[in-house]
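In the two assemblies presented below, subunit A is common to both, partnered first by subunit B and then by subunit C.
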Partner chain A sequence: MKAQALETADIEVFSEAVTHFFETTCGEKAQVRTAFLLDARAPLPWGDFNGIVEASGGYSGRICFSAPRSLLSHLLLRMGQADFSDEQHLDIVGEIANIFSGRARRHFGDRLCISPPRTFAGSAGAAALAASATHSPPFAIPLCWNGYEASLVVQLDALV
Partner chain B sequence: MTPRADLRFGKYRDLFLAIGLFLVLDLGVLFFNLYTSLQIGADASRINAAGELRVYSQQLTKALLTLSHELREEQSTQTSASQIAESHAAFARAFDRLKNDAPGAWGSVGSGLGNDAEGMEKLDDLGRQWFPLSEAVAPLLAGAAPAQADVDYAVNKAVTRNVRLMQQADDLSAHLEGSARAHAAALRRIQIGAILLATLNFVFIVFKFLRRLSESDRRTEAARRETTRILDTVREGLFLLERDGRVGVQRSASIARLLGAGMAPGARFLEQLAGRLAPEVHEAAEEYVGLLFNKRVKPALLEELNPLREIPFASAGGKAGADSYLTFEFTQVEEGGEVAALLVTVFDVTQKIRLQQELAGANARAESDVGLLLAVLDQEPAAVRDFLESAEAKLLGINRELEEVRPEARAYSQLVNHIFRMVHSIKGEAGALGLGTVLRQAHGFEESLAPLRRRGDLSGDDLIPLAVEVAGLREQLLLVGSVLERAGRARGAAPAGEAHPIRPLIEQIEQLALHVAHDLGKKVRFEAVLPHRLPEIGETQLRVLRESLPQIVCNAVAHGIEASEERVGAGKAAEGVIRMELAREAGGFTLSLSDDGRGISPEQLRQRALALGYAPERVEALDDRAALGLMFEPGFSIRAAADAHAGRGVGLDAVKAALQQAGARLRVSTVPNAYTQFRLRFGT
Partner chain C sequence: MTPSLMIVDDSMVIRNRIARLCQDARLPALDIVGTASNGLGALSLARLHRPSLITMDLTMPLMDGEECIERIAGELPEARILVVSALSDKMTALRAIRKGAHGFIRKPFNDDQLVDALLELMN
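So, the complex of A and B:
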């Protein structure tokens, strides 16, 4: 089976999912700051809290959303939460990762299978993840919201 | 009678016959009733006549007795004589009425006894009693004063015969009454029979009609079920397009899947296609549908003209691009010699087209791979390696700048322009090395950048496609690297030549010039003039030459050298000349590249500057030399449309920047319709 790189629209699905999440939750869109390639061999830019979904079926790879504690705390506050424990932060980062599933299904169709989101705090938790080797380099998409910066990493190949 | 009419008559033949029989029966009963009523009228008349015979016999006898008494008493006999005459005459008339069979109304039986043998016999019997009496009365009717003897004779006859006459008249009456009753009974029987038959016939008609109706309903329902099953199952879209451009009621279920829910019964077909076909295809479809309703256009021609074959079709959301590929076929439905509607069949040919595209893509890839291998084998490995290193460094630089860019529209815009120059430089070098796959990828990258360069409101989202393009270009470079490595292994340990590094570069530039000329349909000869002892050229100088010369030579072929016809018209040789000359100079070397084309017109540059939106006052203030400087400004291009070889307006500004960086000087000299020369002066 041959791996094929994604097209722009395939990557934009995920960035739009996150920015839309901020818009519907807080009424304020997150802004895409830029987009660049990561060195496939270098470690991903893990944040304080991370949510990951693994792709399978007709695709392989993963989509990661990482955010600093301050961004998520602010988000929880805007959502009317009073509990700012680690569990709450992991829940919200997991919820953001979860929206990838629905959006991605609509765009890619049934060939894309996405795992339930896995969440962990800090880069230490990433050690438990198996390395994801894809043909395409990982795309990093830094996002700004209220002065905070989160990052979205899309590392995905279509298998043809 | 047409076959259809014949078929219709055949289908309802039983019904027509039954109704005909019903009418015949009705009319028969009507005529029979009429006939029998006349018969009964005649019967009544005869019974009446028989009754009159009895009454007048009695009156005559009584009048005779009265006359006899009045004669004996010598009283006036006038009244009795008159009564005798009246009775005699009335009796005779009634008798004659019965005896003579005068025809009745409409040829019916008359008031006589006619064929009634028994009645006639009774009448004859009665006549045998009456005629002697009538003869005896006859003398009394002649004169005013009858003789007593005649009266007595007549009285005698009347008295002796009257009882018998009355008895016979009663018998005749009884006989006639019996006959009338028989007629009435026959009439009842026939009426009952006819009504019974008519009722049976009516029941037959109703039964037959209902059965036929039920059979027809059953067949219609079966046909409807069959049609529905076909329309629900058939994979192709089927519907009728009416003359008014609306979709018919009957349509296959697959229509919703193929054309979306909007193509409902009654919807306007062409309106529903708007926005989902390319505008020019939609326009052609409108004209074509109009032609299809024209009976005079030949069907074979119509089939050839169909613009709706294997066309890209966008989804209902109206998003641009092809979600599927469809073919529409139209069959004229004729009624009364006119095209009443079109049967439209819609085929989903997406899979076929995608397979064709994949096959074409695979073939192109195979050709690219072979082309790439040949191109790499054709070049000095060191030149390709240098290119790869240089291009990889440029891409890394682009990626780093993407990562570090400030989130401001101005910074995004500057970055886009910078990336454009970098990519254009990579493209030029790839072209010089004949690396078509990299050239095409870089050209695609430029196409993505072109609309962004025109915008001043860029945001971070706009950079996502650029990261994707960087990945794509990098992949192509990796592929070239991989081919280079394999080619190197194939070459084995063959010793590298000791050639001067400028020689392979000159070969590349020659190949590039010929390749661009071929693409643009121009005739070009390349000449290189080198000194006997070549100057020393450093690594940096060589890199700058590799980056700059492809841009200059592309411009020379694309803008400088005219098409053969134009050259011949201007009194030049059909073949243009690109000349590269390397010369040693004190403290360095000069490389000049000239063409014998149309030269560069400062006026044309000024006009182009105005078209590109430069301030008119600035443009007017430029002298010819300064106008030539416009060529080196970012984004300036003489051509309005870009292709793979020129027209982006980033070539010469990148050349100028690279030369300045290397400390070299650039001089341009040109004479309209004669030549253009670029001189690059390098110090040591």
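So, the complex of A and C:
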């Protein structure tokens, strides 16, 4: 089986998932910036909390949402939560990674199998992506919502 | 008799949000009899409380939602199950319905979408 990197149309699906999430959940659009490939010259400033979903089935790789505490706290507040513990922040960052990945199945179909999210505080997401050097380089989709910066990082290969 | 509801989702934030929305004035009073973070826990709780309504996530550890729906539908055919999932492809929705779910709502959802889906489930 051969691994095939994503194309531009595939990447746009993730940008649309970001826009759709903030619009539906908060009634506000997030600004989604141009996606770029992550490498040693363009490292990602990892956020305080990271949610990672592993892909399997007809795809291999992972989808990671990385965000600062401030963005997630604001989001929890908008979702009617009153608990702002680390546990809640890890929960919501994982759930967002899950929602972005699930939304991508509109485009990729059910050959894209996704795991329940794993969550990390700090820069553990970087280690998870660096450990998978057999995949195509990950790309990042930077976004800004209410002045907070965050990123969706996708490292996904189609198995053909 | 007050309808009983069980909420199944691996996200605590989502479980809390659904529980809060169940107090919406448009809905009749609902008795939340249990919450579970995976399909296995949901199956045990369903056997114990026999809820009339269930909101069910699909992507969960230990036992996923599809298997849980199939087993609950087999044991408690009177329970009405609303899938609340991020999986947005049509095949997933069709499979869940075939296995015994009565409705499907995609995450992310807004307040009105969830309340409307619960109302439809009860009617």
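Note that in this section the second predicted complex is superposed on the first by the 144 of 160 C-alpha atoms of A that agree within 3 Å, B and C clash if a C-alpha of one lies under 4 Å from a C-alpha of the other, contacts with A are read in each partner's own complex, and residues count from 1 in each chain.
FYI, contacts are C-beta pairs under 8 Å (C-beta built on N, C-alpha and C of every residue); 3 or more make two chains touch, one makes a residue touch a chain.
The structure displayed is predicted, hence computed values, not measured ones.
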item	value
Combined model on subunit A where subunit B meets subunit C, clash or fit	fit
Superposed arrangement, angle subtended at the Cα centre of subunit A by subunit B and subunit C, nearest 10 degrees	70
Contacts of A:Glu7 with subunit B and subunit C, given as first, second, both or neither	first
First (subunit B), second (subunit C), both or neither touched by A:Gly27	second
Which of subunit B and subunit C A:Ile141 touches, first, second, both or neither	first
Partner chain(s) touched by A:Gly80 [first = subunit B, second = subunit C, both, neither]	second
If touched residues of subunit A are counted for subunit B and for subunit C, the larger one	C
Which of subunit B and subunit C A:Glu95 touches, first, second, both or neither	second
Smallest separation of CA atoms, subunit C relative to subunit B, angstrom	13
Residues of subunit A contacting subunit B in one complex and subunit C in the other	none
Residues of subunit C defined as touching subunit A within the complex	10-14, 16-17, 20, 59-61, 85-89, 91-92, 106-110
Touching residues (chain side subunit B, partner subunit A) in the complex	399-400, 402-403, 405, 407, 459-461, 463-468, 470-472, 474-475
Touching residues (chain side subunit A, partner subunit C) in the complex	20-21, 24-25, 27, 76, 79-81, 87-88, 91-92, 94-95, 98-99, 101-106, 108-110, 114-116
Complex contacts: residues of subunit A adjacent to subunit B	5-8, 11-12, 15, 31-37, 136-137, 139-142, 144
